[in-house]
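In what follows, subunit A forms one complex with subunit B and a second complex with subunit C.
What follows is the complex of A and B.
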């Protein structure tokens, strides 16, 4: 297992290196360079233009530029953003990446659960009304033109009903008198979410370790107590209202992203289930007289899960792409929106930085799925 | 790429087209051999067709695709007969008869006009053709690359296999829309180059892996052994025996590629990054940048036709692909018991 992890990490480093290289040469291949901004200005004499080029290091040969770029990237220095001058690219990205991560992670987890649950339900009862409704509405949502759908969601829930804010990350009116920064509050929220998840997993794990079925019933209430405690602490922290404001802005993008991406998992689970329900062990489980629900969940669905997890990589990429679009439509200041704004304003350092970060993001997601797969399928043991 | 995530399980059973009679038959002329092959292909096609027709969603999606094909044909016909190009050109036309733009639907303009006074129906029909061209070009490029890569990688194995599979892993991990956003913003991509980029990314990406695993299961079939014993060269075996048996699965992935190509084009046009004259995405872009979307249902004809067309055509190709999946992959079929 350790050997596998080490090899996987090595592979990731190599891929990341390829992505950095690709981003560099892509930006190099486009017409013009950093100094072209000044090249058209007739007030700048030619020798100053030459100096400018030299100060950017553009007079050096390409391979030397590449090596310098590589060295800087590895040390975490992506240069200074043109659009957010004088903030360094790294600074901008460190602020934006967690926002994308939250949007993407919550939507992926939600859509995976919903998709898996619906998928096994429609495979269990083929030909019912549920199958047709779920398949057609799922496929429609899956192939719906995401920007138009997102705008429709905004129009319905934010504009007409007024339940949720229209877009953006926070409401300036709420934050006018706040003496803490949004990044601080958001960081605390992330920390809380992380601690809560860890707590829930720990409770589940420990109760399972005891091996007593009676104790497992207490898992739900215990986790709920933890959640209430977290809410209690937040409500007395003084910034609870601010956190609530961010939360309110998060709901609509997450719901939209979940809606467009759950169908992939659902249809795949259905196909996978259709294959497992024909297996002998399912018939054996039925013959034993196990209740229908247990046959479905413990025997058929458990084994149908494996191909679904394998294909989770595709869903992840789909969700990353989806989150880029969602971020743009909802003006959610994450990496996707940053990337779009950067390419529109020719903010080339930020373009390269955002590309590398989005690549890193999908690489990490990819790796996590691979490791998850090893845990889910006890038949696979990487040496 | 934004290829749909749910790649179905790799079919283990042999695909629809049987390999044709063995080449050992000496006395036969080439003509009769070809005839027999066509007859066999026709028979297997009929079998596959009847399975496809069993799926209601498959039939429905085929009907929708047919409807869009009619729409694509309708535009040049209408332009030649009843529409004059001054009023109805999708890009340069202007509805002189309307006092206010965008005008709501009327007899002269069944779907109204856009904020710049252009006929929405004409734009919609005109764009249909380019969506088909884009989707089919991308799909052909994808399938041509993926089939070749899959067959070659499976047949030779070793370092060629490792190279193409690692490449595919890399491409799968790349988020396609982000990459296309950067590409289309930094370079002037037109429809053809976009189709090419999507096709190449899809062809070397996930589709290649699926087709390779299918080619692996074909490679160990007895008829490949027989062809080798009969003295068939590597090239001959790949071209005549492996690739034809990959084609049904390739067709399936063509459908999925069309979906992702149309979707990518629409998203990029919506963001205003693409160098195309008119498309469904640009129609929504025009309405959105003009601020007509928050008008809700008041200016519905600016958004609904284009948005519904993208969704319908994408889902028709996607559902068609899924119905085809049941033909290609016998394990998904409903049991008749």
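What follows is the complex of A and C.
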């Protein structure tokens, strides 16, 4: 296993190197360079132009430029953003990447849970009203034109009902007198979410370790207590209102993304489950006198999960693709929107930085799913 | 469970089962009756598709959705198993009747450790109070079937075919069932392993004094380990008797043909000797005796009427022209009697004692 992980990490480094290289040459393939912008200005004397080119390093041969770029990227120096001058690209990305990650991880996890739950339910009881409703609405949402659907959601929930904000990351009116930055509050929120998840897993793990069946029922209440405690701390922190404002802005994009993507998991789970319910071990589980719910969840659905998890990789990639559309429609200042703006304003350092980060994100997602798969399917052992 | 009453451990009477399919009703089991005493081993044999697994699944109350019980009753220790409520069925399964599945290879869930899958059954029936006691029990069962108890924390894919087969037998024994059904328990194994496992299963059965039903299409395999044999054809139980008797002097021409199709030493199977054709389509079986289209002894009557039981001591066959010259050819009186379930049952009682 360790050997596998080492090799897997090696592969990731290689892939990342290819991504950096590809991004560099893709940008180089565009006509002109940054200095061309000045080159056309008749007021600038030629020697100054020459000097400018030299200061950007543009007078050096391409391979040397590439090596310099590579060295800088590896050391985490993406240069300075033109569009956000004088902020370094890294600074911009460190602010934007978590916003995208939170949005898409939440939506992916939610749609996976909903999809898996519905999928196994409709495969278990064929032909009920649930199967028709879930299949038809799921398939419709899955195939709908994303921007149109997102706009429709905004129109319904923001304009007509007024329940949620129209878009953006926060409401400036709420933050007018705030003495903390949005990044700080958001960072604290991420930390809370992370700690809470870790706490929930710890509770589940420890209760399972005891080996007593009766104790497992305390997991739900214990985790709930942890959640209430976290809310309590937040409500007295003085920035609870600000956090709530950010949360409110997150709801609509997350719900929209979840709605357009859950059907993929649902239909896949359903098909996979229709196969596993016919397996002999499911019949054996029933013959052993296990309750139907256990036959369904522990045996049929557990095995149906395997191909669905494989598809999680694709849905994560799908989420990254969708991030540009969703972030633009909801004016969500994440990586997707940043990338789009950077391309429009020819903010080349930022374009390359964002591309590398998106590549890194999908590499990590792949690696996580691979490891998860080993954990879920004992037949798979990477040597 | 109902109080023990006198009578056989398991009593199957006139079991009739249909599968509803698009093509029509499959008449998978037709009026099958037999009894089983504690400690007894019964073999059910017949060609593929004759309804053996359907009988087994009925005894487990584990029928697919499209199955319909068209008649008959099954009593286990005097309790009518088709009258059980859903909760009671769950308790009944595995605790009263357990099964070694036809596809033993695939009846272990690939994602759980083998021991855990047995513990799961023990837990579901609350046989042991704690998980450690349940694991201890699994260890004992592993030793009983000849597996190293250390293997219980391995996954099914780490087991060889023979080991999986043993694990599945251990699983069937885990809740002390009254009856074990072994549905072609060894077909996927090579002949030598198959033979060894059958012998061991037989020894365990005698040691624990359980009742067991072996199902196979190979009458020779089953004959080695059973006291009684029932031969099935097209959903009917066509012959029944002591294994030795049936083996030595079969009454039904079909049994005779099965005996003639012994596997050769190399393990390959010759076609049924002297038999042409295939078993009938169970959606539209032939009138009269279902075997008549393939039977060398068939006459006019075989095409018209279903044969009554012909007796030879405790052995019987449903045939108009039984093989053994000594067997009483059914007279007109018996013909009427045979259509009367009461009398057939009476004779079955006489035979059971």
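One rule holds in what follows: the second predicted complex is superposed on the first by the 379 of 383 C-alpha atoms of A that agree within 3 Å, B and C clash if a C-alpha of one lies under 4 Å from a C-alpha of the other, contacts with A are read in each partner's own complex, and residues count from 1 in each chain.
Following the convention adopted for this analysis, contacts are C-beta pairs under 8 Å (C-beta built on N, C-alpha and C of every residue); 3 or more make two chains touch, one makes a residue touch a chain.
Quick caveat, the model's predicted, so the values are computed rather than measured.
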In this superposition, which partner touches a larger number of subunit A residues, subunit B or subunit C?
B
When the two structures are overlaid on chain A, which partner does A:87 contact: first (subunit B), second (subunit C), both, or neither?
neither
Would you check which partner chain A:302 touches, where first means subunit B only, second means subunit C only, and both and neither mean what they say?
second
Which partner does A:142 contact after superposing on A: first (subunit B), second (subunit C), both, neither?
first
Between subunit B (first) and subunit C (second), which, if any, makes contact with A:285: first, second, both or neither?
second
I'd like to know which partner A:340 touches here: subunit B for first, subunit C for second, both or neither.
first
Once chain A of both complexes is superposed, is A:217 in touch with subunit B (first), subunit C (second), both, or neither?
neither
So in the complex, the part of subunit A that touches subunit C is made up of which residues?
211, 213, 279-281, 283-291, 294, 298-299, 302-303, 306, 376-379
Complex contacts: residues of subunit B adjacent to subunit A
1-9, 57, 169-170, 172-179, 181-183, 185-187, 206, 259, 263, 266-267, 270-271, 273, 280-281, 284, 288, 293-294, 296, 303, 306-307, 310-311, 314-315, 318-319, 322, 325, 331-332, 334-335
Subunit C contacts subunit A in the complex at 60, 62, 89-95, 98-99, 101, 103, 106-111, 120-121, 123-125, 130-132, 155, 157, 171, 175
Quick one: in the complex, what on subunit A touches subunit B?
15, 18-19, 26-27, 29-31, 126-127, 135-136, 139-140, 142-149, 151, 155, 159-160, 264-265, 267-268, 271-272, 274-275, 278, 307, 311-318, 320-321, 324-325, 328, 336, 339-340, 343-344, 351, 355, 358-359, 362-363, 366
